[in-house]
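Each chain gets a letter, A, B, C and D, in the order it is written, and its residues are counted from 1.
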Amino acid sequence: MFNEVKSLNEECGVFGVWGAENANYLTYLGLHSLQHRGQEGAGIVTNDRKKLRIYRNLGLLTQVFSKPEYLNGLTGDSAIGHVRYSTAGENKIENVQPLLFDFTDSQIALAHNGNLTNATTLKKELEDQGHIFKSSSDSEVLVHLIRQSKVRSLHEKIIESLNKIQGGFAYLLLTKDALIVALDSHGFRPLSIGKLDNGGYVVASETCALDAVGATLVRNVQPGELITISDKGMEIDHWTTKTKLAICSMEFIYFARPDSDILGINVHSARKRMGANLAKESPAPGDIVVGVPNSSLSAASGYAEASGLPYEMGLIKNQYMGREFIQPTKELREKSVRQKLAAVKGVVRGKRVILVDDSIVRGTTCAYIVQLLKDAGATEVHLRIASPRFMHPCFYGIDIQEKSELIAAHKSIEEMNQMFGSDSLKFLSEDGLIDAIGLDADAPYSGLDMSYFNGDYPTYLYDYESKK
Amino acid sequence: MFNEVKSLNEECGVFGVWGAENANYLTYLGLHSLQHRGQEGAGIVTNDRKKLRIYRNLGLLTQVFSKPEYLNGLTGDSAIGHVRYSTAGENKIENVQPLLFDFTDSQIALAHNGNLTNATTLKKELEDQGHIFKSSSDSEVLVHLIRQSKVRSLHEKIIESLNKIQGGFAYLLLTKDALIVALDSHGFRPLSIGKLDNGGYVVASETCALDAVGATLVRNVQPGELITISDKGMEIDHWTTKTKLAICSMEFIYFARPDSDILGINVHSARKRMGANLAKESPAPGDIVVGVPNSSLSAASGYAEASGLPYEMGLIKNQYMGREFIQPTKELREKSVRQKLAAVKGVVRGKRVILVDDSIVRGTTCAYIVQLLKDAGATEVHLRIASPRFMHPCFYGIDIQEKSELIAAHKSIEEMNQMFGSDSLKFLSEDGLIDAIGLDADAPYSGLDMSYFNGDYPTYLYDYESKK
Amino acid sequence: MFNEVKSLNEECGVFGVWGAENANYLTYLGLHSLQHRGQEGAGIVTNDRKKLRIYRNLGLLTQVFSKPEYLNGLTGDSAIGHVRYSTAGENKIENVQPLLFDFTDSQIALAHNGNLTNATTLKKELEDQGHIFKSSSDSEVLVHLIRQSKVRSLHEKIIESLNKIQGGFAYLLLTKDALIVALDSHGFRPLSIGKLDNGGYVVASETCALDAVGATLVRNVQPGELITISDKGMEIDHWTTKTKLAICSMEFIYFARPDSDILGINVHSARKRMGANLAKESPAPGDIVVGVPNSSLSAASGYAEASGLPYEMGLIKNQYMGREFIQPTKELREKSVRQKLAAVKGVVRGKRVILVDDSIVRGTTCAYIVQLLKDAGATEVHLRIASPRFMHPCFYGIDIQEKSELIAAHKSIEEMNQMFGSDSLKFLSEDGLIDAIGLDADAPYSGLDMSYFNGDYPTYLYDYESKK
Amino acid sequence: MFNEVKSLNEECGVFGVWGAENANYLTYLGLHSLQHRGQEGAGIVTNDRKKLRIYRNLGLLTQVFSKPEYLNGLTGDSAIGHVRYSTAGENKIENVQPLLFDFTDSQIALAHNGNLTNATTLKKELEDQGHIFKSSSDSEVLVHLIRQSKVRSLHEKIIESLNKIQGGFAYLLLTKDALIVALDSHGFRPLSIGKLDNGGYVVASETCALDAVGATLVRNVQPGELITISDKGMEIDHWTTKTKLAICSMEFIYFARPDSDILGINVHSARKRMGANLAKESPAPGDIVVGVPNSSLSAASGYAEASGLPYEMGLIKNQYMGREFIQPTKELREKSVRQKLAAVKGVVRGKRVILVDDSIVRGTTCAYIVQLLKDAGATEVHLRIASPRFMHPCFYGIDIQEKSELIAAHKSIEEMNQMFGSDSLKFLSEDGLIDAIGLDADAPYSGLDMSYFNGDYPTYLYDYESKK
């Protein structure tokens, strides 16, 4: 569930609330439980019915809101918030969301989880008309389209604009009058709506954030939906009816928190089933099953249970990680890396270890972890990956957009096994994954986006088509 | 292993190194892996053979050494470091260790893990002679005794002084010429010596710190030992021969990191055996076994294995905890507490949960965790504690010095069961604990300090005798 | 010269450099000597011929560039910088200049000293076309006009755009290829160009910044000029030929640093002449002449010299002012105010003091200073103001835009005299001021903007016309 | 008065208050007006009659008390405070005063302005008895002596201890019961007592601090006095009667604030007389008189008045100085130094300048300032120093303790004139200085310590005797 060891990052988490006192604090709590979806920036915009107010900055939520006044200044009974991961080089405050737009006549704020595939084209068209963008993120395009639209109502402007953009998006928009929720036509990203005891509404990327504020799930937002939450309640509309579910399979495998339910399926349980299916498909001659903490513990316990082998804590993660020093020597640098994970000698010494990892992306840490276990006395290390080979980049909201970054795109399983120093290496099959998740949808791959593994993208890729 | 949920705190971790380039960085790495032993202050003193240099401050290690220059300024090839927990009200920088003493003719630095039981008496005597103390910690007394001693060599002065103090101590002393290591006559605190590839020595509270710097264990320091490490190598002497091992049982139960070995016994494995013994002594009518993360996961998996029930991730801990805001309403405060732990609904819904916790000290979080599980749909919660009832305060280095703070000292098991809202509550027996740890020592309770559970203190308590 | 006691603020200082190694450091030094023109925000954009880079933040220059890496990251051999004062409520980072605009095809940065009078109208027109503004400052309009322009070259686009804006402006624009300098048609703000020993050019609001970087003055920018500095050298063009000099008289009276020369006139010397003219017009029955530090010391010494009375240091300013605490009681608050200025008892006791101040704007500190002197034993305090009555707001770049803020607009001289508790009160005449400055220009009021005193604005006021 | 340009530093300022609400805030205000006496550390200890509380740190007062809670936590109706300069290498927090000593039975806090001449000897004796010092400052010795004393009352212990120490001291001691004030037998440092309107007492190094808190002077503390301020009022006693006034002449020349009165003599006025006497002794063929800001402005105006020449602002000081960057090139470093002072070209161009400086210590900036004026167009620069040649170090509380640091100890006047590039150089005579100060005391040099100029130290120098 947590992404510190693996360098694979979700781009965002969004949270919104309408009609609740202390909207600022609720949004803070909600974002806090979504922190695993983005650690490089955070922000909140609140609405006190007269004015929208913003505070945002680079860093973790607790670093951004390092002083109480930053949060207390955000008054109002509705809000949207955002946690962000950003690709290197563009990690500047201008891109931290929500984006708040001040017009002479009104204000609008926007929080976006996902990635548009035709933003570059649209941005160019708008710049040719004199438009100036304030961020380098693709998210901002939507507001320019809305402002340029000639149709009458804001609702119609939004529908017109959403129909011009392509790709993955879970959008929250906040105005003085409403909290507006829109999901792309494939539902690439999860998005759920809950209700507070006091009657207010909350919207969040994951249900763990509904739990965090004590809200009850009332709706998983469906592909193509445009939902308006205002003092009149929740109105459900569609910006398109041409929809086909293709939710990101990596949400189940790696990104989402184990206590979240996505489209009704508990993430931890799905991961246990991935581990169990993997055990059935690829047994290994081991004494104990060890998971890479923390993201692979569910899959590892599923593997152990299905294989009848003991599940052991053979690796532990140091929870006191902070900013790292640049160590002066190579030897010290290597020791410093060891701070993150430690092998439990007393557990692995003399054992044949079945090491379960949820996925392999860049493959940079596998060799290190295998070595760690062998140094601690493991006699064999059999690596079992609870998802298929990750060979194709993602253009709908994950930060892997280059095939060259993906080790499985370039190396055979046997080559990887040798690189990692493991004694055997196996991956879960695509069918095993689809079965473990168990989405019962009338869409290809049961409603999952499986393009990571098979390159079968659910949409045309527009600006990214050449990168396929 | 980690103490965020439970308010029970080890008072310190110590680390020392002699004869290694970059002693500052090695000590930083060593302390980092001991951070769980103290989070309120940290410091390092290095020795470049001409001068001892210090940097220390309140906070976590990464907060204390927030700028590279703080660490880089500490030059030398030997060092001692300290991480500290302190009781409320005395959390001031003067007490952060190491303490560095500048005399007109020399310098000495000191790091202490433990608690002296006759420090108040000694301090008073010294003050009557005009002595002035610079900290309010008990640790400083030793240096005053050394300075006052009339015997000739520093070695003899130290032996004379150690014979005047009572209680628990693992002391590291650093001078220009040597790193001196002393352990009390009962060995209340663990302390191990390792050797680096380059021939240098390291000393640490736990073996996980030896692993962290790539050192190999060469000796577990024995009660009454006085060890001098210098350019001449390691010389082992005794300051007393009247010794009787009584190592703190809570180190095995709660404090130490699972990957550490204490006196040759792996901590994770010992905890698994505690869980297993508990399962044998006190089975429960449950469907799944859940541990309180992170400290009880080992015991829970032992319980599960011994009982044949599935071990499940029914609770997860949010790893992104930082400084908390003071929430403006009671309702928000309750929601905020929920940020630390979350129940995994998909796992516990409809299940009879056997909840394993390592120990109950103040008991403040038990009711909250039981409620969390029931809110998430658990039909029953059977609480199993993998250690005996904690009824007596500690005077050898843990921050529980008042009986009134210990819930088990005042409530019967049934009263506690009702307070917590659990469906049953059982504790591990003393014999079950001793057996699980498996220390094979020719001393009472197999060499363990079991006074927490039975009030049978291994020593007279001096200044604290009235608190018994 | 320095504006801490009086609440009257220049809105900006600008600095630019082309063709010099360490453009970042030179700009830092230049801005440092312009810090008196704006203390609420600062920023620098540099150009390394491939990319423009920005760093800006709220606060004084030394606070903004609190870490060396902030400055060192700004590589290149050309740069523009800005120090900013902003009116309350809009003091947010988005408005801190330079503003850097990233287009898909290019970048442009802008620094502006002055205030546009038709920005609101233009902004509305642009928003109607879908444009979105990223700051709430008026300065940004220019770039939107440039981007929207259909003429071919950037040079032509700029000329077209400058002809659409009204009001006061000294603009620096930086692109990969050139540093572009533009002054409004009345030359409201000073702007000078200098040359470095190495052949590079610098542009600055005041000549003291040229001195600061060791540059020699080569040109005072004239009204209506558009100057392009590039690797081809300096090319002087005009964006309009309909010009009439009306430089801000308050620059001479209060804003500029005494060591700056404006249009060839030394500021300190002009102030001395203001004091001398005041002494001739309005002698007073005093024993000593005292100036309000630091801005009125020049005028006071001029008054003393012309009157033959001794010039004395009767007031001193505490140079160690920092962030002030909010004091818990009214009494303490009053004492705290006294920290800024202190009367020198030994000097003023028993004396009739002629107190010279450069100007009266809000009048909030006059009564306090008079009282300070009387408390210290002055028998009489005759207040002499070295400029005419300030009765009309400014719309060309000073933060006084409301008549209601100006005490002289509402009170007679005698009423003010009574409010302040002074024994007499006199102001310099308009002719006395014009003569003292001694600009020899063929324009109304010898080329000065005297509207502060007589309401005779050099231009139509557009969006502000109703505020006249 | 202000010591930024010249590297000569007072070592301290002290402030105390007894019997006033908000003692913390009053002390803050008092110290703020004494900031010129020490800029490297500050601290306050308050007394709420149950406990003494401390907050201190390195830096300016506003940096030390950067958060309101630091000050608000200091409750009580009495307090002592300290601002500190320290010599290089010993600038560590342990030495920042007040020093607070916690004994098991009581507390005492100490603030010291001055320097003891036999501290090293005493410290050694005390260490031989086992005493451990917590700071490396000499100030702490007094408390060790007090604690070691066998006489009965604290009052007697203090008298006994003061009789053992030698050198310069103005001591403030705070206990739960009293504020105790002691001055050395020569009164090297100024110290004054004032009364608040509410009846409370304040003590301060300079009268400007009494003014700052609205107190009225009631007594200049006399050499040898020991004054106890408690709820019973002010009791004046003596710790010795062998006294002879020898107040530091540099306080009048350079250190004290111009608005302070020392022993009834206003500092600004004394400096004017120094300038006037200098003009009479050493006229110069100049057109204008310019003072080095800010410390020499009084002397310069006295010189101008006496010589009948115009006093001009030929140099100005940039008030916005902050932490300086390390500039990457020599050229930039030189430009950076120019930020502190700027010559006013319009004033000095073509003029023969008489440049008045209060004193020459290391002489490092003289050449730079002369060059600055010549670069700005001055045709001649005649340097006139308003004090005698500074040739002997000080051991009573100024940071010059090495003859080698004093340029006048090694160079003749003509050699210095050539080094500085000035056209002539003259110093005030000793008699001229004594006359200008005008202390009418029955002691050598009219009660002044003139040893800086003539090496005639008022006391034996003990540990420093060899440095004479």
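Just a few scattered comments:
Heads up, the rule we're going with is that contacts are C-beta pairs under 8 Å (C-beta built on N, C-alpha and C of every residue); 3 or more make two chains touch, one makes a residue touch a chain.
Quick caveat: nothing in here was measured; it's all calculated off a predicted structure.
The chains touching subunit A as well as subunit D are B, C. Of all chains in the assembly, none touches subunit A and also subunit B.
Compared with subunit A, the chain whose C-alpha mean position is the greatest distance off is D.
Averaging Cα coordinates per chain places subunit B and subunit C 61 Å apart.
Taking the mean of the C-alpha atoms as each chain's centre, subunit A and subunit C sit 49 Å apart.
Centroid to centroid, with C-alpha atoms defining each point, subunit C and subunit D lie 37 Å apart. Not a single residue position of subunit C touches two or more of the other chains.
Of all possible chain pairs, those that touch are A-B, A-C, B-D, C-D.
The part of subunit B that touches subunit D in the complex is made up of residues 93, 101-105, 120, 123-124, 126-127, 129-134, 136, 143-144, 147-148. For subunit A in complex with subunit B, the residues that touch the partner chain are 1-2, 21-22, 25-26, 28-29, 32-33, 35-36, 39, 60-63, 65-66, 68, 71, 208, 211-214, 257-259, 261, 265-269, 294, 297-298, 301, 305, 310-313, 316, 318-323, 325-329, 332, 335-336, 338-339, 342-347.
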